[in-house]
């Protein structure tokens, strides 16, 4: 335990000088404004021990990391029927590409690209109003992290909506193929809000712990999903969790994980720990540059890669 | 141990009636001629215990499973510089697609699609004659499996060459982008021969054992690759090993693996075992239909998925 | 002259039995409801003589035929700078494809596919309100046809807006690339209304007469555009006027023309005549099936093809 | 007549200073070696009067201009059945793109892109040996131009074959779809040789005269094709004759024409004249930059555009 704390601190110390690398997402002002020097790490083991360093308790915009929680919620409501609406394959293209949709009849490749997450928002709505669905999402994430203070940043949600032309295009395109059941503005209302969840590394790691523990949060005792479903969500994170850099992340880190353009990454070492990093500078695939390096170091030093003996 | 033998037999017994499903590859006569009822399973643990059932000792055309051995060989010759020539990302398209090559300047997405494996053949050639390179490949696979009887089926190699228009297109296309260093006919000579390796499930499982054991074959004591490289090859198999069905295989099976259109799949449970299945009927992604189901059952019952605790 | 009237009647008589072929556009109720048996032809020569037959004086939804008038209007406002915003090349894909936009940075290939016509709507707006722009468009078409009774069908405009998800996708997609200057709803307000212009064959032929006469309407004496611009608009109609069937139309008919999914086609024989046909059944490219055949017969019998001596 | 000679000289004089613009094709040494300052124009009217200037009698590599003669030959052998093998639509992509082939089952969009011309070579072979077919092609072009001195440049043909990886890719790709009936090396043998025809502007203009005269060469009295077929070949040149710059050429010049990477363009003013220009510097679409400008000036000054009255 002491060792892990030392390791986390060492990684933070080693990589802190590199936080200036990469590029902060600037498509909305509230993201562009974030201090690029921020860098936090938090690891939580199955006994609830937390090892952390840096800006690990400062909330940031988790952006696409939320897609994991949304998928979990949709699977809870619709079960395997979810996969009639969205695929499970890596896309081989950028997170916001529309080409694949045209070639494949409007069905998104997986729930972790924008188009897929919009379909998941449609599934989470399930006849409710956007307000109700957004409330349910926030409560679900609070429950996962066992922390009622988690909230959506309303300014970010508003900015997403104001500049979300690409997502409007994706949603209307799928609607034209009959792939969304609710009105586009309802679906995107949900989508833009869940993107705007603000969480710290510590909160994110706790929220992901059920995926490291066969579906049951060991701290609260809540069974969130079955062990089979936990494995499957992990599989999806590994193959599709980092957009068109998923293969690279698997190669270098070897852990299921999900990144967001806010610079956060949540990752899972099954049977061992959940973890989260935050560093706003992004690499060319839109994943946290220093965050990816931190997880690579962590996996190498702990031997947590799922691909090693 | 006894349990594992019973499990392997049970899986064989349960799935044997379904071998008629799917479609046998028919693009070359020697593949089309194979009896679709063939079905073999072999599992080998790190102590060398073998558990097997059905047609597990009959040699079949391993086809693209060989791409794992070829990658291993290329990495041995060129190290990480290999990745200057071929990517590490899932392709999001069919195994023989040429579209991605045109959009991305002739560089294949990963070593497990045809275009990527052709580049790997170019790297394995490394200035040698095709005959020399083919000899080296055979000896390498014999060494991995510790079995000098493994050979290439010359009839299959000849058929591949006679009907390989699509691969000729891929190779010439990459050549036009300056992405192959040797003459196209040399590169394809190597490529068509390594596709034609004939191995049994038992041989394949043994040949893959180093990947389950951090790079060192526990039976021969040979260190084939470093533990880091073994993890990385496993990561590539998991994200790209089953063409455009890789996400699906990860979701259902949760093990690194590589399939071939001959109906074989080799898979690895790190720290536990290597395994191979053979059943010629293919699903719509070109992967063994019954073989995939067999591995799903095996992973579910053993808890070997890399994504569970 | 008498001959031409006889020819028009003969063509109508010959093809009338085939109006049941093809498929009426059904994406909006007011189009789906149209009687598939409708069939009109009108030809007007440079002296103003009109030759017509069938339902040639019944107004129908001209749909994309209006794109020619919109382009003329945009060129009048912005001149050759129009081409900074939209290309002049055939698209090689369907009228509503979004793939090309993603591959080419959001700039549409030509003004006669939907994406291009949406950009043209943005150019026609030019700082005005949608209501003002729509008024201007209607007045311009009335002026071209010298007929103040031409109007927009408000029910069609409303239906277009209610079901226009694909166009919403195209517009938002271009907006995300910074390719539209006005708000998306303003641009589409204009776009949906100009699609809904209702005109008869006779009116359409008169409105197109300036293109057959070097830019000057010989009936009113109005110079609409320069002779160079008239030639250039004709060139665009010939290469891009029939979506992905433009090559086929040039091959069989050999006249510059523009079709709409309402089943109308306007065509021009430079120096000779302007003409319009209407028959709602569409071929697989979305062009009037019987209308195309009628123009092929007309061009063959008159020798009006621009490609003959 | 004197006027036309003066015009041709004026155009040559005006544009000669700009021959340094653009880029000479350099993919084979014999093209790269050509003097970029070369510039010739030749116009021939239906009475056989020739108006010419500059390097109009120096033979150059006509490259893709030959595709028009090849299409004429294939239509002569196979009639409209030719179109079962190749389309008639602009491609919306580069001359050597393979993407469209994958998306459309291996059938090329038109006979004037490389893939389409390879299919045409297959059709011209028609069971003969490559040597016989090549002989027939040369004799056909000699017959069209009424000039038995026209020949293939063997060095160019050899260079094409030595560096033709992209065309090898296209041919093998189509072969894999079953779209070529002869062996790939036979088809490409024909293809590479017809590309290597060496002709002067004067010869090219004479060879194209039948297309300006309803299919009958007015000088020899030979009926080459029917008037309908002449119109149709002209239509194809107009919509597809300049690769992905066909729309632009129609817009600026307004004449059916076909360009080649050797810097030649042959064009046709139906009922008036045939013409050819040569200037090796190419624009970004691979068409002669100065040659296009020369034809634009010529069409503007003569009023020969097919789109004007």
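Letters are used for the chains, namely A, B, C and D, taken in the order the chains are written, and counting of residues starts over at 1 for each.
Assume contacts are C-beta pairs under 8 Å (C-beta built on N, C-alpha and C of every residue); 3 or more make two chains touch, one makes a residue touch a chain.
Not measured: the values here are computed from a predicted model.
J.: Going only between touching chains, how few steps reach chain C from chain A?
T.: 1
J.: Indicate whether more than half of the residue numbers at the chain C-chain D interface occur in both copies; give same if so and different if not.
T.: same
J.: Please flag the chain sitting at the greatest distance from chain C, going by CA centroids.
T.: Result for the farthest chain: B.
J.: Once you find the CA centre of chain C and the CA centre of chain D, what distance in Å lies between them?
T.: So the centroids are 32 Å from each other.
J.: Using mean CA coordinates as chain centres, what's the gap between chain B and chain C in Å?
T.: The answer is 55 Å.
J.: Can you work out the whole-Å distance between the CA centroids of chain B and chain D?
T.: So the centroids are 47 Å from each other.
J.: Quick check: what residues of chain A touch more than one other chain, meaning two or more?
T.: Residues 103 of chain A touch two or more partner chains.
J.: Once bound in the complex, which stretches of chain D touch chain B?
T.: So the residues of chain D in touch with chain B come to 97-99, 102-103, 165-166, 168-173, 175-176, 184.
J.: Touching residues of chain C toward chain D in the complex: what are they?
T.: Touch list, chain C to chain D: 46, 87-93, 100, 109-110, 212-214, 227-228, 230-232, 234-236, 238-240, 244-248, 250-251, 254, 256, 270-272, 300, 305-309.
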